[in-house]
Structures are given as structure tokens and as C-alpha cells.
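In the part that follows, the structures are each spelled out as C-alpha cells.
Each of the next two complexes has chain A plus one other chain: chain B in the first, chain C in the second.
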Partner chain A sequence: MSSSSVDFSDFRLCGWRVRSELSLPEDLAWVGPEQPVDIDIRLGKVPDALIDAVQVTPFLQVAGNGDCRLEVSAAGRYLVRQGREVIVQPAPGATSAEVHVFLLGTVFGLLCHQRGLFPLHASCVRIGDGAVAFCGTSGAGKSTLAASLVRRGHALVSDDVTAIDIGAARGPLVLPAMPRMRLWRDALEALAVPREVLTRDRIELEKYALPVSGIGQFLAEPLPLRAIFLLRSEKAPGLDGASLMPAMEAVALLTGQIYRRRHAEAMGRRSELFQGAARIASSVPVRRLTRQLDLGRLDEVAAMVEELVGL
Partner chain B sequence: MWGLNLTALELTAADRVVRSEQCLSTEVDSETVLMSVESGCYGGLDDIGSDIWRRLEKPVSVAELCDGLASEYEADHATIEADVLVFLRGLLQKHMIEIVPG
Partner chain C sequence: MTGLSLLCSYPKSGNTWLRAVLVEIAGGDGSLQLRDGLPFRVLPARRYFDDLMGADSSDLTMAETDAARAAYCRAVAKSPDLPRIWKVHDCFHAPQPNTEPPFPPDALAAVVYIVRDPRDVAVSFAHHLNKSVDEAIAKMADETTRMALGRAGLRTQLPQHLSTWSDHVESWLDAPGLNLHLMRYEDMIEHPAEVFGKAVRFLGFDCDDAKLGRALAACRFDVLQAREAQEGFRECPPDVGNFFRRGIAGGWRDSLTVEQERCIVAQHGRVMRRLGYLP
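Here is the complex of A and B:
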């Protein structure tokens, strides 16, 4: 990691106060007011297997009480308990970057599920006074469009995973998670961000973790969710467009885009998440946004999004 | 996707039906959205479909269901029963409702 790290300190994720024995990126340092610790991350021994557990993937076990055990040979073992505690046993020789990728990825998703949130696989930007989320398959341009909107002066709320509190009284709230942007390399070049600002995130992916201070401002306050776009890229030239999705399609889309959905279903959240998807679909417009696979036209798509959101 | 379900075709007004436990349902605006846990398939119901769905929360005979609908909708009983049977057979085939034995 390029950023320096602090040991035995407090960090923030989604407004949670996270106390960690494991060093985390400095840009996640807790700067908020004095409040009780929500989540403890500790170094320790993780058992070979959980008792009474289902093997959800070759890497993940979920126990009857919702506790999860993740094992990735290059990074190590992670035990995630009750949304409050994470035990990390790094693999011999694992770098902190390797340990962080899974801690700030899958483990973060598991914590969201254990804490009753709706983590959507989406990038999210503040437009006006609300949050706008972008879903889509890998390569559809979520992060790229988010970065383009940030460059137009909007603040980044979440990248990669958008944590939504569906229980909030006045409608779904987005809880900003971490100030990193993951962009495809060609997209970065179109945005003209100097390559040396970046650190490689995961060797096999042509993606980089970009400290957000490089291109705009990161936001920490919860924001009302205002709209969701499903991105679809078209290679063929033609008009870009955005159509409102019918309720059923919107619920199906949102359910399908839940981050670490199989893990959550193994925790028994299927019905809760389905209800959550319906709550989101009845609260905000969900649109399918088709755009051409042409990075030179990013600004036009960004402007269309601004107009649709009513800026 | 689903095999032909003979019970669905044989459904009559005398049968009692209820929502299937493996079917999740929720309302979005005035629409009801259904999801089959087993197959992961989705379905959507309009206003009248949603009304019928609400009446299927507890076991009810098809005849009783039609009586209730006839008192609220302006259509003759025979038309309602024919439409309801088609609707319910569709839900049965997708395992979103089930026939209550006995």
C-alpha cells in the first residue's frame, strides 16, 4: 500500500467505529466523535472449520448462528462473528495489501449482512442532496461513470459496494464505506489521472485502488438514496437511453446485485433481502441506462444522469 | 424450467389452496412481486391479482375465494370462477401456491 498505516487504532466504515489490531489504510482513520466501538478486528487463530456450518463456496463456511469463516490461501483466514468481531489469521508471507483486499471486500460484505444492511454491488455518487447508485456487470462502467461524475464536481459516496440501510424511517439511506475508487486502466487514462498516484489492488485484475483525494472529495455522512441505474454498455453506435424498470424487474435486479448474496442467503437473509429490495424499489426510481462503450462520451452520459436525477 | 404439473391442470372449485411457503411476496406500489425460493424465479401481479394473493394468505377453497371476489367485482360468478381457475393454475405450476390436502 502506498498510504502509511497505523497500528492498534480506530477506523471508520459505514459510520461504524472499527477498532483494529491489523493496520488499515490511513484514509480510513476514525475522525468522528467519541462513541462506542462497533466492530473489533483482531489478529488470532482461526479454527480449521466451524461447527454446524454449511460450505457455501470452497472459501466460505457459514455456521447456523450466522458466523462466517473465509479462507483464501494467499491472504489467510478470517472469522466474522455477529457483525461485531473479526479475527484475522494472515497466511505466512501474505502482504498487507493481500490481507486488505479480502478484509475490505468479502469480510466487509459479510459484516454488512450480519448487521442487517443491504449491500448493493454498485458505485455511488452524491448528486444534489441525495445518493445515486450504479449497478451493472463487471465492465459495464460503474466505477468509470462514478469517476466521471466526481470529476464534474459530485462527491463519491461508495465505490464497488454501496451499503444501504433499508430500515431507516425516512426511506433507504446510503452509508459511505471507503474512499477508494476502483477503475479500469483504460478508463483512468481517459480521466487523465497520473498512473503513479495509484497502487495495484489485485495482481490479476487490471484495476487500481485510487485514493479519492486524487480526483475529488469523499463523503462520510449518510445520504438518502435517490435513484438507481443499471448500466449496460453497447458496442454498436446509437442513442444512449434510460428507461424506468417495472417493479418486478427492479426487485429482481436489486436482489441479483446484492453483494455476496449467496453468503447472505446461507445466513438466512433471503426473505429479508427480498423485502429490502422491494422497499428500495418502492422508494426510488430504478432505471436501465444504456450507453455506448466509448469513453470519449462519458461526459454526455454523466450529464444525462444529472438531468434524470433532477439536478 | 418447471415440468408439467398435472395437479395444476386438475384444480377445481372444490379444492382448497394457500400460498406456498417457498414463495416470497412483497408489495411495490400497487403491484405484488413474487419470488420462488426454489427456482429463484420472479412473478408480478396487477391490482386484481394482488387482491387475490392477499386472500390466499390462509387456506381457502376456490369456491369461497370466488364468492368473495363476486361480491366486490362487477362480473358474473361463472366468469370470475373461470378466470380465477386459470390464474390459480398458473400459480400452482410455478409452485407459488399449493393445494391443501383433505
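Here is the complex of A and C:
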């Protein structure tokens, strides 16, 4: 293929200018000022295996130099190098949405690691003048709580992976990721968002891609991290509350909530990430937020968060 | 790598009871608390799967997570920072043909398999699912039955393939290469000291009779029931009043209709005979 026949477009991801041969969702189109390209996404052949892999799972291989190879057989293969380059080899028959979901999920998180950021497994909104992140295990309700806050007028900063710049001069800075969220059917129903117009990334799963314009706004500019909540669900009513975690506990907790932590450690980031967690824990309050896991009470919980943050 | 130990059973067969006793023994007298749930948690949990496999299971299809379960089990076994003992409700073999079973014997040190009369399981399972007994019986006879399916929303556990009650039992009992210890719920009730003692020692715990006696007293069914009423139990499904419901053997006699009982025997008679539940 001659280079003139290749069609590239520019997109924005986490503030990076991404030049991509693969078309990405339209809401990621680059609209910012002229600036150098940070990341190239190209279509091409991804090898069957990394030769110098130090960590191997059925999905992800990590090489000693930090390069990564992700494969989900129905979607495709992704080679992620030096935080600057992604080669995508879509699987035969894979839809765009299927190829995107792993690119904007795990590959995005790996790029954050390769670029020296601290990707927290969290969804994040702007409350007041700062970023408030919600972390918790898969299924804890991070995206759902963030969506209910967005619907109450707080801008979305990131969904599922929150990229934090630890080295920023005035304390940890959150880099807004992309103006979209991913929500399951039950959450969409609780938020009264009609899903007829939404697409599913995997046709088998009742998980929908929601452009944030459907429920609120996106914040495109980096902003200081103000607070972190660890979501904890409680079955019994009447036990809602938040407790501030002691710093040592907060460091351990944040380390456990790093996106793709084990694979980042295989890249050689262990001590760097520990220092990052310590920096965050010493800069912002980390609270355990306990609430009854009841989708009917989203607004109540959102109001509690607003109050805790001091809005 | 030190292999994993599994506390394995079809749901509602006494797994939580065994876990409670192990908590008292492993953690010391008085360490049991129900409110936040018990240690020895379920192995197919998304948080560990995603962490070890480097992929978001919430974006993977069931077939994709199924295919990675053997690798996941090995990865847990190779991770010294993770627990050595886990609860398991999956059937031993994978739901799809040509897929490696989710529990490769090379990653396992020991398996305790708990079995309970399927007639009692049916009554308890119906309560647990908040469904009718007939629906529970149908699930126990369906080889595609899964738990934690979470069609509409995301569950913290991966979907787990149970298969039929009979297939569940035999898949474990007849699996090649396992260091397996079988215990019957009915024997746990009738001869607790002996039956729990064997299981506890099989799992490698150092435990004298006095300590075991104290653990069993702290985990007597009426004690667990009272504690659940007082402090709650995180593992109790929503909309189900209580997890610890009745805790007896043979309760089906006043709960199942003759027709329901005959249906279970017709479906599971051969395996029931094998376990001594039918003459």
C-alpha cells in the first residue's frame, strides 16, 4: 500500500493528538489547535507473539521493554509501543465498535502506563473546581454514579480509566479522557436514558456506549484532582456514609486500584506507581463511600457526594 | 507454585457453613463476622480475573471468559499475594466442548466437595433464587444453567456454569487427577466433629478437638441464624429475607410435593443412589 492511499484522521484522546488510520468514534474528532501528533494508530499485521514477553495471559503479553500485545480473538490484535504507536489488526468479521472497545479500554490504559501517567480504575467528574474520582471493583457502580452526577450538571472527566499526571507542579492533575461513557442496561433504565438510539460494543452484552452529550457535558481541560472515593455497596438500608482513610491504608488501596496494575509492574513501573499512589494519598482525601446498592437512589447518593466534596 | 484449595459444591449445599468453621479455625476463636461476608471468597470474581488476565471481563463474552478460566486459575495459583483457599460453585468441566476445564488439576492442591440431597437443595435453591420450587428443579435439570449471569447489569462475579445437579456432582467426583475429599451435608449435621475435623485436616489446618469444638459451637446453625438476623450477611442475595434458612436434612419432606419429589428422583436418581440418598 503506498502512503498516498492511506487515509488518516486526527482524534483527541486524553488531550493527546492521535493520528489514526482506523476511524474512531466521531465524538473523538480532533478540534483543538495545531499541535504535534502524540500517538499514531495504524492498521497492520501484529505478530503472533512478542518474542521477549515477560508476562503472558490469554489476552495480554508484556515485553521487558514495556511493549504490549493485546488480543481478543473476535475483535483483533493490538500492538502498543513506547506510548507512541498502536498497530491494530482487526479480526475478520469484527465490527468497528468491537475493535474500538479494546482500543479505548485496555490499549488506552496501557498507553497511559507507557507515557508515565497513573491510570486509576475509576470514573471521574468535575465537582466545583476539581476532579472527583470514583474507584471500586468491576461492578461496584463507578460509571453509574458518575453518570448520575453528570446528569446533575457536573462535567464528565473520564469513565472507567482516569489518567492522572502525578508530576504536575501543583499536585495531581487529571487528564480528561473522552466524551463518552459505557453503561449497562439497568443503569440506563435507572437514569431514564433511552437505549434505542445507543449502540452496543459487543452485541452479546447489554452494555451500551453513551455519548456524554446525551446526558450532560464533557470537560476537555486538565484539572486538579480534588478527592477520591472508593465505592462500597451495602445491602441493608440506613448505612450510607463516608469515612476518611488513613494515609497508609489509602496508599495500599490506590495501588490496588491501578488499571492493569500487574502488567504495569511487569513493565517495570512498580516503584514509580507506589510513589504515585503515595503522592496522591498525601494530596487529596481518599474516602470509603458506603451506600446501599439501589439504582432507585442514585440522586440521593449523588447529593451525598456533592455535600462531602463541599459543594 | 503452591496449588489452590477449593471448597466446592452446587449452591445451597453447605459451602458457607464450612467456610464459617474455617474462618474460626484459621482466624482464631471469635474471628467470624457475617456482616461484610466471609473470607474464602468465590474464585471466579471479576476483580481478580481482570487484574490477572489483563482484560476487562465486562467487555468479554461469556465464551471468551470461559476459554480463559484455566489460565486464570493457574495465574491465581502463581500469585503469592492471593489467597490459597477459594469457594467454587462451577461445574468441573467447561460449558463448551474443546475448552480446557476451568480448574486445571496442576493448579490445585486439594478439593473439598460438599454434596447435599438434591431434594433439600431444590427447596433451599428456590428460596435463594426467590423463585418457585418448580423453577429451581428445572434449573437443576438444565445442563446450560449458569449463576451470576447478570444480563441487564454487571455482576462482581463471572457467570458460572453449574450444569445439572447430577452432572455437577459427577464432574467433580470423577475428574481425573484431583486430590478430592467428599463430604455430605447430612453427615456434617449428624457427626459434625468427625466430618468437619476430617475436612479441616485435609485442608492442612492444624486443629485439635477443643479448637474444632469451639469453632463448631460458634457456627451452629441457630447461632449463624441469630447473627444474620442481628448483623446482616453481605452474601445474602437482595430480596431474600435470610441466607441461613433452615439448616436441616430432610426438610424436603414437608416442603416438596410428591410430584416434585418424583421429578427430582426421575432426573437425578442414579447419582442420588451413588451418594446414598436413595436405597
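In the analysis below, the second predicted complex is superposed on the first by the 300 of 311 C-alpha atoms of A that agree within 3 Å, B and C clash if a C-alpha of one lies under 4 Å from a C-alpha of the other, contacts with A are read in each partner's own complex, and residues count from 1 in each chain.
The rule we apply is simple: contacts are C-beta pairs under 8 Å (C-beta built on N, C-alpha and C of every residue); 3 or more make two chains touch, one makes a residue touch a chain.
Being a predicted model, the structure only gives us computed values, none of them experimental.
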Legend entry - Clash-or-fit label for the pair chain B, chain C on chain A: fit
Inset, instruction - Name the contact category of A:Leu60: first (chain B only), second (chain C only), both, or neither. - result: second
Inset, instruction - Tell me which partner A:Gly105 touches in the superposition: chain B (first), chain C (second), both or neither. - result: second
Legend entry - chain B versus chain C as contact partner of A:Gly167, first or second or both or neither: neither
Inset, instruction - Could you say whether A:Ala140 touches chain B, chain C, both of them, or neither, answering first, second, both or neither? - result: second
Legend entry - Contact breadth on chain A, by residue count: chain C or chain B: C
Inset, instruction - Examine A:Arg262 and indicate which partner it touches, taking first as chain B and second as chain C; both and neither are also allowed. - result: second
Legend entry - Apex chain A: angle to the C-alpha centres of chain B and chain C, given in degrees as a multiple of 10: 70
Inset, instruction - Once the structures are superposed on A, label A:Ala281 by its partner contacts, choosing first (chain B), second (chain C), both or neither. - result: first
Legend entry - After fitting on chain A: smallest Cα gap, chain B-chain C, Å: 5
Inset, instruction - Could you pull out which residues of chain A sit against chain B in one structure and against chain C in the other? - result: none
Legend entry - For the chain B and chain A complex, residues of the former touching the latter: 24, 26-29, 31, 33, 35, 37, 42-44
Inset, instruction - Using the touch rule from the top, collect the residues of chain A that touch chain B in their complex. - result: 246-248, 250-252, 255, 270-271, 274-275, 278, 281-282
Legend entry - chain C partner contacts - residues on chain A that touch it in the complex: 55, 57-60, 62, 70, 72-74, 101-102, 105-106, 137-140, 160, 184-187, 189, 201-202, 204-207, 234-236, 260-263
Legend entry - Residue numbers on chain C that touch chain A, as the complex places them: 45-47, 50-62, 64, 67-68, 71, 75, 151-156, 232, 234, 236, 238
